[in-house]
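After this come two complexes, each holding chain A, first together with chain B and then together with chain C.
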Partner chain A sequence: MDLTLDLAAQLTWTGLASSSSYCLFALAFALVLKVNRIWNFAQAGLMVVAYFAMFIAFRWLGLSPLPGAILGAITTILAAMALEYWGFRILRQRNSSVLTFFIFTIAMSQFLIYMAELIFGTDPKTLFPSIIAPVRFVGPVVVSDWDLIALSLTVTLVGALWLFLRKTREGKALIAVSDEPDLAEMYGMNKDRAYLVSMALAAILMSAGMYLIGTKAAIFPSTPLSQFMIFAVIATIIGGIGNIFAAGIAGIFLALLQSYSILVIASKWQILLLYILIFVVIILFPQGVKLKLGKRGPARKAGQLPPADDVAEKAS
Partner chain B sequence: MTKRSASGLSRRGILAAPLVLGMPSVIGRAFAQTEPLRFGVADPLTGPSAIFGLDQMQAVRWAVEDINSAGGVHGRKLEAIIVDHQAKPDVGIAVVTRLLQVDKVPTFITAFSNVVKAVAPIANREKALMLSVGANSPDIKNLGDYVYTTFPLADVDMRALGSWLYKSQNKRRAAVLYVNHETGTEGAKVFSAAFKEAGGEVVLNESYEEQRSDFTGLVLKVRAANPDIVHIHSVISDFTAIVAQMRQLGLNTQVTSFQTAFNPKMIQELGKASEGIIVTAMAPSAEDNANVPKYLERWQAAYKREPIGLPYTQYFHDAPYILAALFKHVLDQKQAVTGENLRKALLAIKTFDLPLTNRITFNDDHTVNAPTYFWQVKDGKFQVVGKL
Partner chain C sequence: MIEFLLTLAILAGINVLLACGFNLILGYGGLVSVAQPVFYAIGAYSSALLSMKLGLPVPLAMVLGALIAAIASFGLSLPSLRVSGDYLVIASMGFQLGIIHIINNVEFTGAASGLSGIVSAIESPWRSQIYAGTIIAICAVTILAIRWLVTGPYGRAITAMRNDEEVFASLGRDAVHIKVTLFAVGSGIAGLAGGLYAHYFLFLTPDQYGIFSSATLLTMVVVGGAATVRGPVLGAIFLTVLPEAIRFLNLPIAVMAPLQGVIFTGLVILFLFVKPEGLFGSKSGGGLDAWQSRAMSSSMRKGAK
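Here is the complex of A and B:
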């Protein structure tokens, strides 16, 4: 296939629009990894919770998009916080190994997927009866309503997260806890609260991502684990483990890479490309590809601890 | 006092012994004359393909109910032992082994090309008659002595579609997209060959992995190839996603597929974007079979909808009728109900008149022929637009 200007423009636009959900999943995964210090493969299970909570809201209760999506997000936030409170916290108190956390999160994902299959069946489902959105041509590029919603929702959420981490006390506490939890606690920050908040934020991001996915295609309960998690994990590694926003950017990069790869490889090899990439990154860039966004990314700046005297004064 | 023989047994006891010893065989024979005639059914009841399997099983259950309420076979009821193979070859091997070695069924029906190929050696080894009822890989005709298909293979409908599109629809440039597994690769291969043989050009031939949800790149590749027909040989959800993403990218080219896309849910999800889609079906329409409207009414009464994959369910519905005829033949011949004898019965009868699929005749190569029906989505419904 020859790369024309029109084709490049379309590939870039649709690649960007498609990357929106992957960006949100990567942000959610990287946030929990940074703050809670857990490779949270249970995210796939929480994505299933988000999806089917919205499915109930839209298809069974007949709610319109906004209240249905809010209901889905609230359900996912509660499930994520419950997972932190009754799962991760207990494992942390027992000084469980990384392997134990890993097994627990994978088992939790599988459990939630099987529950969804039992309750909702194993056939693919969309969030709304129709998955067709209106389209228009902007020059040679086809732009759909879905593209616009996906991009605007993602930009809004990423911006809100950035502001939350940079401007709010709660957000700064998250960064502080992620840097040194015990020290942050000495300075009067509640690390258990920070862990819960981070799970809640991740739940919002993954709910939004699942909404976008479910309004474009039908998915199976197993799809988040078999397809979307790989994006989130690779993006987190590429972004430099612990750098939240770089993981989001890496998610966009991966989606665009996949989109453009169709020019040179057959469609069936596109998924394989991701696995090749993960090998390359682990071997050549074990600390991730460093992006020059400040010293270690914008989140680092946002998370700079206030002067010790100031904190001690406030604590007293 | 009872007289005893030298061995300590009484005379009455000795006289009664043959009766007592013979009782189990008498009871056994009597029981054998009333026990149900059992057969296995292996189909996906869970997993992504269950959307088809569940409706196919309902069709089997209704057929068995109808046969039994009409008196069964010489007064003996049919009994279907249904197992779930999830459309996975490894699971298929496990459940079919169970059917043959634990449940001891002499015959079973199954579907899905990848599973049919995987379990065929077991049927041949155990000498159990296997009827493939909803798989269409052309290789199925080469799977051994005990494997027969009641369902026309892809080299019937895909061959017909390739030729019909060129000759009747004036299509000249085809893009062929197919899922990268048994059903997709084989079906796409036959379609491409037939279209080229008719004089057309295949301008794009691309496969993709199952259960994918984003086909943007693939669709853009189709757009760049500029075909006048897009044939998609896929499974379930991916067909809908590809067509949706085609339409979303302004690609309104005519789409064709096979019986998998014969799915009212697809029309619902695509809405107006489904208009014009053409699919093949190997089972007769209501115009050619008077029982089909009643069958559809039965679905409406029970589930308030049409079955998913109507043509498949027609073949599944009729499979127990074929087995009932085979059982009857074997019992009439006073033979044991074994896989070997059922196979002989099939070769002896060969032609079956069936409620929903009309008359089928088994060919020497273990296949059947049937006309191909072309259905097109018009005003939100499938309507027959051609027959070959």
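Here is the complex of A and C:
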């Protein structure tokens, strides 16, 4: 396939629009990894909770988009906070190993996926009976209503998260706890509260991402674990572990890479690129691929990397 | 009924082999890889394809499958010497998912629809009985070999490396050699288990070897008691047999599979909170303590500096 200017514009636009949900998933994953210091593979299970809570709201209760989405987000927030309070907190108090967290988070995801399959069946489902969005041409580029909603929702949420972390007392406490939990506690910050808040924020991000996914395509209950979760993990690694907003940028980069890669490789091999990236990046760049920014931007500053000693120590 | 019980015994035996091989890497070596199912897959597919395409006798194909899995482990063990802990978990996950994705998309493995027409190991009216007996014998030999390995001088070296790699290396011992060997032996056992599975069940699909399979194997090791010889054996038997109990309820298949999953994952979560040291690990020895004690000794040393 030859790359023309029109095709490049279309691929870029489609890639950007598709990247919105991936960006949100990556932000959610990176936030919990930074603040709670947990590779939260249970995020896939929470995505399932978000999706099927909205499914009930829209398809069973007949709610309109806004109240249905809010109901889904509230349900997910409660589930995420319950996971932190009755799961992570107890394991943390026991000084559990990384393996315990891995098993717990994967098992929790699978448990919620199996529950969804038991209740809703194993066939793919959309959030609304019809997912056809009106489209229009802007120059040579096809732009759908879904694209516009996805991008504006993502920009709004990312901006809100940035403001929250930079401008609010609660957000600053989150960053402080993520950098030095014990020191932050000595200064009167409640780290357990910070962990709960970060889970709640992640729940909002993943609910929004699942809303976007479910209004564009049908998914199986297992799709969040087999696809979206992996994507978020890779974006977090590429962005540099501990760097929240860089993970979001990496999510966008990966979606664009996937979008453009249809020019050179068959779609069935695209995901292999991501798996190779996980392996290569973690082995060669365990501190993440550093973005060459002349000066630390405020967004990077808000989600700054942990002390270099910590990362180097873990990588050794 | 007898056939079902024999099949269950065969499956439990295969899981015992997998869990024992994994325990060598994870429990004794303290190498936190989750990619064990991929070596199971490599052994299964290699053995099946060698017998199908080249006409090799099944036992030879199984041995070669195990060897190929052991050699393939270098692809993970050598690069992973650079990283440890959660970094190794993620790197091994990328390795696993990448290989499974390739198996899922190339024609000669049967791609996503699976590999069928695999040569049976035994053609006999007593096929299941003979196979079950063979697997039990292989399990017994493997368990005894592992016991011999981990209780001898080499086993003490493995434990020393796991507990404090820096001190171990400072004594002039070669940690790299031990790590690579453990990966190769553990992966070879998984490859053998793969061959045994392939030539009995005669059908392979890439879905069997995904991330959930990693969590299942981890659970068998941890629930039984990591870094103990009998723990993973009993963990594998326990977690293979228990979810099968609801088979007798005669539920529709659409309900049965997820319900088995709910029971299995529910048990895993329960065990993590109620008995984290595993069924057969002591509070001061096996189970998850194997890593906790290592982390503690490491942090104590740092504190002393």
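Following the convention adopted for this analysis, the second predicted complex is superposed on the first by the 292 of 316 C-alpha atoms of A that agree within 3 Å, B and C clash if a C-alpha of one lies under 4 Å from a C-alpha of the other, contacts with A are read in each partner's own complex, and residues count from 1 in each chain.
In the analysis below, a residue touches a chain if its C-beta (ideal position, glycine included) is under 8 Å from a C-beta of that chain, and two chains touch if they have at least 3 such contacts.
None of these values were measured; they are calculated from a predicted model.
When the shared chain is aligned, chain C comes close enough to touch A:I90, but chain B does not.
By the touch criterion stated above, A:I230 is placed in contact with chain C alone, chain B being left untouched. Legend: residue contacts after superposition of the two complexes on their common chain; A:I283 is shown touching chain C, with no touch to chain B. Applying the stated contact rule after C-alpha superposition, one finds that A:S144 touches chain B and leaves chain C untouched.
When the two structures are aligned on the shared chain, A:F164 is found in touch with neither chain B nor chain C. In the superposed pair of complexes, A:I103 makes contact with chain C only, with no contact to chain B. Once the two complexes are overlaid on the shared chain, A:L11 sits against chain B while remaining clear of chain C.
In the superposition on chain A, contact of A:I262 is made with chain B only, not with chain C. Using the contact criterion defined above for the overlaid structures, shared-chain residue A:Y187 touches neither chain B nor chain C, since it reaches no partner. Taken together, the two structures place residues 117, 121-122, 226, 268, 271 of chain A in contact with chain B in one case and with chain C in the other. Against chain B, in their complex, chain A makes its touches with residues 1-2, 7, 10-11, 14-15, 18, 117, 121-124, 126, 129-133, 135, 137, 142, 144, 146, 213, 216-220, 222-223, 226-227, 258-262, 266-268, 270-271. The touching residues of chain A, counted against chain C in their complex, run 39, 90-91, 94-100, 102-104, 106-108, 110-111, 113-115, 117-118, 121-122, 225-226, 230, 233, 237, 268-269, 271-272, 275-279, 282-283, 286, 314-316. The residues of chain B lying in touch with chain A in their complex are 46-48, 50-51, 180, 206-209, 211-218, 220-221, 224-225, 236-237, 240-241, 244-245, 247-250, 268-273. Of all residues in chain C, those touching chain A in their complex are 26, 32, 34, 79-80, 82-87, 89-91, 93-95, 97-98, 101-102, 105, 210-212, 214-215, 218-219, 222, 254-255, 257-259, 261-262, 265-266, 268-269, 272-273, 276, 288, 291-292, 295-296.
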